[in-house]
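My questions all concern the structure below.
So that you can tell them apart, the chains are marked A, B, C and D in the order they are listed, and the count of residues begins at 1 in each.
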Amino acid sequence: MNTFGTLFRLTTFGESHGAAIGGVVDGMPAGVTIDMDFVRSEMARRRPGQSALVTPRSEADEVEFLSGIFEGRSTGTPIGFIIRNTDTRPKDYDDAARWYRPSHADYTYAQKYGLRDYRGGGRASARETAVRVAGGALAKLVLRDEGISVEARLAQVGCEKRAENMQVLIEQVKKEGDSIGGIVSCTITGCPAGLGEPVYGKLHAALGASMLSINACHGFDYGSGFEGVGMKGSEQNDAFVHRPDGTIGTATNHSGGIQGGISNGEPITFRVLFKPTPTILKPQQTVDSEGNEGVLAMKGRHDPCVAVRAVPVVEAMAAMTIVDFLLINACR
Amino acid sequence: MNTFGTLFRLTTFGESHGAAIGGVVDGMPAGVTIDMDFVRSEMARRRPGQSALVTPRSEADEVEFLSGIFEGRSTGTPIGFIIRNTDTRPKDYDDAARWYRPSHADYTYAQKYGLRDYRGGGRASARETAVRVAGGALAKLVLRDEGISVEARLAQVGCEKRAENMQVLIEQVKKEGDSIGGIVSCTITGCPAGLGEPVYGKLHAALGASMLSINACHGFDYGSGFEGVGMKGSEQNDAFVHRPDGTIGTATNHSGGIQGGISNGEPITFRVLFKPTPTILKPQQTVDSEGNEGVLAMKGRHDPCVAVRAVPVVEAMAAMTIVDFLLINACR
Amino acid sequence: MNTFGTLFRLTTFGESHGAAIGGVVDGMPAGVTIDMDFVRSEMARRRPGQSALVTPRSEADEVEFLSGIFEGRSTGTPIGFIIRNTDTRPKDYDDAARWYRPSHADYTYAQKYGLRDYRGGGRASARETAVRVAGGALAKLVLRDEGISVEARLAQVGCEKRAENMQVLIEQVKKEGDSIGGIVSCTITGCPAGLGEPVYGKLHAALGASMLSINACHGFDYGSGFEGVGMKGSEQNDAFVHRPDGTIGTATNHSGGIQGGISNGEPITFRVLFKPTPTILKPQQTVDSEGNEGVLAMKGRHDPCVAVRAVPVVEAMAAMTIVDFLLINACR
Amino acid sequence: MNTFGTLFRLTTFGESHGAAIGGVVDGMPAGVTIDMDFVRSEMARRRPGQSALVTPRSEADEVEFLSGIFEGRSTGTPIGFIIRNTDTRPKDYDDAARWYRPSHADYTYAQKYGLRDYRGGGRASARETAVRVAGGALAKLVLRDEGISVEARLAQVGCEKRAENMQVLIEQVKKEGDSIGGIVSCTITGCPAGLGEPVYGKLHAALGASMLSINACHGFDYGSGFEGVGMKGSEQNDAFVHRPDGTIGTATNHSGGIQGGISNGEPITFRVLFKPTPTILKPQQTVDSEGNEGVLAMKGRHDPCVAVRAVPVVEAMAAMTIVDFLLINACR
């Protein structure tokens, strides 16, 4: 269950405050040039500590590749890699060892496993997303060769959709020691028609599962989405038209590039909802593992709006999903 | 890709206008009493032709079980079943053979496979959901023994949330030969804490994929969802409290019963968005398989709001997902 | 667990004395002409009651295809099919309901599931192999287009390797109400180099698992196999040589066409061991479900050497395995 | 395809002469005490360089665990680990870069991927089995708590079955610069009845696939196996009897502890055939990647009989398979 994908597969491991996190990419096509600068730049996009808007935790996030690459190219065998944890200040987490932090995974992990690694969220920490970004960088190298691009952006913070207002809102929430939700939108262009499988392997179902697996994700829609719930069929349907180049396209794209679960060649568009991160500095009512009630006031680092740093993670998950479906579709 | 689930698995087959549709449930626990009246009543809930609000197509939808049941109980071996197609009027689909119906799967299937069964949507038809309901009925029999219930309801039609208005809106849209989107909400109660797997097998990711695989589904959220995007962490976080019976619960349930991807024992709540069905009787611009442009005016039966009949399908998919995770969790 | 394969998948269901057995082939490439006469001829090869050497049980074994085929060709959607059970004489199995037949699955199924369908072996009956042959017939149609052939033959009965002696031995054993083991050998020709996956998906590991899943199979080897255990590396190694047509081949084929788990273009050769069928007419010591000891003398029909009828089953499993790996390999 | 198992899963990576090899164990039950001394002792059993009978290559084979263990116990989250490669003398492999070594994976990998890591066998090297042994050590810790033991031994070298003769034969073959095949036998005791899944997930099919995935494995049988092919049913069948403690057992164990694919509570017995390692020091005819014929005389280290070092690998694969089926069976 720590593996993602069918033919292009990422298996991950690691806790936020253990020795290292890491992963194994299985199914990377052979012969792809591994552009290490690109991998580093992708890692840098997700890394905390880069602006006032995100958590000041600072990790080098250096990816050490251990296998599957020979003379600068992928060999087709699994690419194992690790990212050492270097900034783990365990003292910040004394309270966490005792108290169940509200809306974190502390309580549910304890219920499920009977014990838990309480250091900084353990396996449930957003630190795990660094491994996704590394895997996604490899996937993007495959997509680049196919002329497919994946671009996500912060579309909304709280109820704000204008960039300047989003920034002001995040700074204000941060000052309050609070957090706020947000929405990331993503567009995939250059994707050929025919990706996606009937019936349970619909392309949007796979994209949805990918996105919903990201920490703090609470919702997913594509095409016209929830905001289009009031549309009638006669408005929502995308008329087929001739394109000047002789191919068939659609006049509108309310389908978000996917019809019947299969890509139709139009840009694939979807939105990903992130709840406010549950780590806030305001005091909160909770209980401990003995069942004692109390008030927990967390200290330390926190992200006022996880949606900000989720942008490259959304891209990474989308890129891996598309590569997986390209490989599956190659079998037809 | 026509299989759903990990340990409780439904594999399905069948086109809307072929000889039969059917499925295989693998992983049904042994010894469960198979209540045939219950199965029939579940099938009846989804069946078309029952009210003015849904398509008048009328099928008996009699499930013929072929294996895996002995002396009234499940044996632990796969339960194969078929549902004969009895009302298939092929003459309604002459136009469909030629034209790509806008926002249907006609064009994408043709692109993917190079040929397609154009009779009534073929594999992409909503008729396939009858098999899901049959599988879901078996899953519900397992859940019933565990004290878990799954209940979905029509929450919204277009922008309308009041029941009377929803009905009026559907009738009006039907008269226009048009269709309208809607939202189904679902609540699972009695579910124990601990269901769901880190990291890619989060419970809400699985529920999301289940729902997004249903025909015409365009979005999924859980807990506070998209409508809660403006909440701050201090509002959204669910404080842990003592319940009178000594157990731990949460004061609010913005998490929708799932934290860190794992159920916390509170009711699981989510919403499922359905676009307006693309089958409308109004003329639409489209192209045919030769690339000729033209206007298509569909005749025949259509559902003005597929969300209505999706209610039991949402329940079925949720029930199968929960049974699957119960079985997975039994391994800990 | 009743599903076989990764991209070309067969899911099966059915007990020997239920209403029907059947299966779903998912992953059949689109556009393959479905030669029904060929399917029938394959079914006829496995059918009992055709000679003195096999069980006289007589079933028409008519395969009813329900989906996935349109205008004579596969559509790429799942092919569901059923085979009705027509000759089920339940009275023969009165003793079976009480006694655990030695070396049958009666005891282990009862231990696993707490209950069992005791009619003629239920799910564990060799009747299930009819579904494999139907699935294999579809796979062979794919292979035929690729120029790949799969041919199995009865290589040994007991310690006898000459055809005439094998026949005499089977007749003698049958007269005694006893049974005898045998070995089926199989050769796949025309298979391209490159099929098979490192490390756990080696081609011979997949073939071995396929064969060992057949009822009564007790062993598998490939290439020089167990009989070559005395060879030295200098004898067993297959020297690479130029073929007259400019390609590279091997001077010998002790590797059985597979090196490092991947096909090398030479014929793939393997052997499959079948134990004597446990159904014999001689009295045997056993216990019943209450733990009472007793002597069981089975009546009814039995196969003196299941290896005879296993020949087309071995071919079917091999054909499905090769198609699966062809599809997987298409992704590189 | 570099992942093994269903619920207890090992994913591996690494080439023999890259930076490191490693793996991820997913599905390790929570709360198991991780006995590091035991893991080290298991690694030591497989390590080369320990006696005159095996290759003198010497690696510390220190397993560095990176996650999934907290305060000495498993947490239920994935256990990632790496083993650094320390003794990689690349100069020994100059010839390998050019020539396809007979009966190695050089040619097939080149055919499959279009390029290959030629350093010491790359991914196809037996070095990969160190990761299996590490994963197996974790599995054995689970089995120890369940009272299940797995013990393999070298049963045959060439045609020799007596221990003294086996040793003499290996030394003689080594002196000749040649190699020889062998057979490892394995017994699993304490395994409960009920493990194994109908139809394609039979316990012996899974064990067979596990074993056949080990480098140089050419065959698998269980119970009476190939040597029992001459037995009649009346001899091979295992009569059920009462045991003194009131339980049911079998008088003989020709079934090797598995009936109908499901364990019956008797010891599980099977044999694993290993071909002679293809690395020999004698000159051999071969071709290079340009198609030039030539004679290759390999230098360097080699194992005269890989079956010797395969003993702990067989145990590791068996242990992981049994834990996997214990977890699967817990779902009933």
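The criterion applied here is as follows: a contact is a pair of C-beta atoms (placed from the backbone, for glycine too) under 8 Å apart; a residue touches a chain by one contact, two chains touch by 3 or more.
Treat the numbers as computed from the prediction; the structure is a model and nothing was measured.
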{"item": "Furthest chain, CA centroid comparison against chain A", "value": "C"}
{"item": "Selected interface, A-D versus A-C, where C-beta contact pairs are more numerous", "value": "A-D"}
{"item": "Approximate Å spacing (C-alpha centroids) for the pair chain A, chain D", "value": "37"}
{"item": "Intercentroid distance (Cα basis), chain B paired with chain A, Å", "value": "26"}
{"item": "Separation of chain A from chain C, taking each centre as the mean of its C-alpha atoms, in whole Å", "value": "44"}
{"item": "Interface hub residues of chain D, defined as touching at least two other chains", "value": "1-3, 12, 27, 30, 76-77, 112-113, 123, 198, 328, 332"}
{"item": "Contact footprint of chain D on chain A as seen in their complex", "value": "1-3, 9, 11-15, 18-22, 24, 26-27, 30-31, 64-68, 70, 73, 75-80, 82, 112-117, 122-123"}
{"item": "Residue ranges of chain D in contact with chain B within the complex", "value": "7, 27, 29-30, 76-77, 198, 327-328, 330-332"}
{"item": "Chain A residues within the chain B interface of the complex", "value": "1-4, 12, 100, 102-109, 111-113, 123-124, 128, 156, 158-159, 173, 176, 178-183, 193-194, 196-202, 204-206, 208-209, 212-213, 218-226, 228-234, 236-242, 246, 248, 250-251, 254-256, 258-265, 273, 275-280, 282, 284-287, 291, 293, 328-329, 332"}
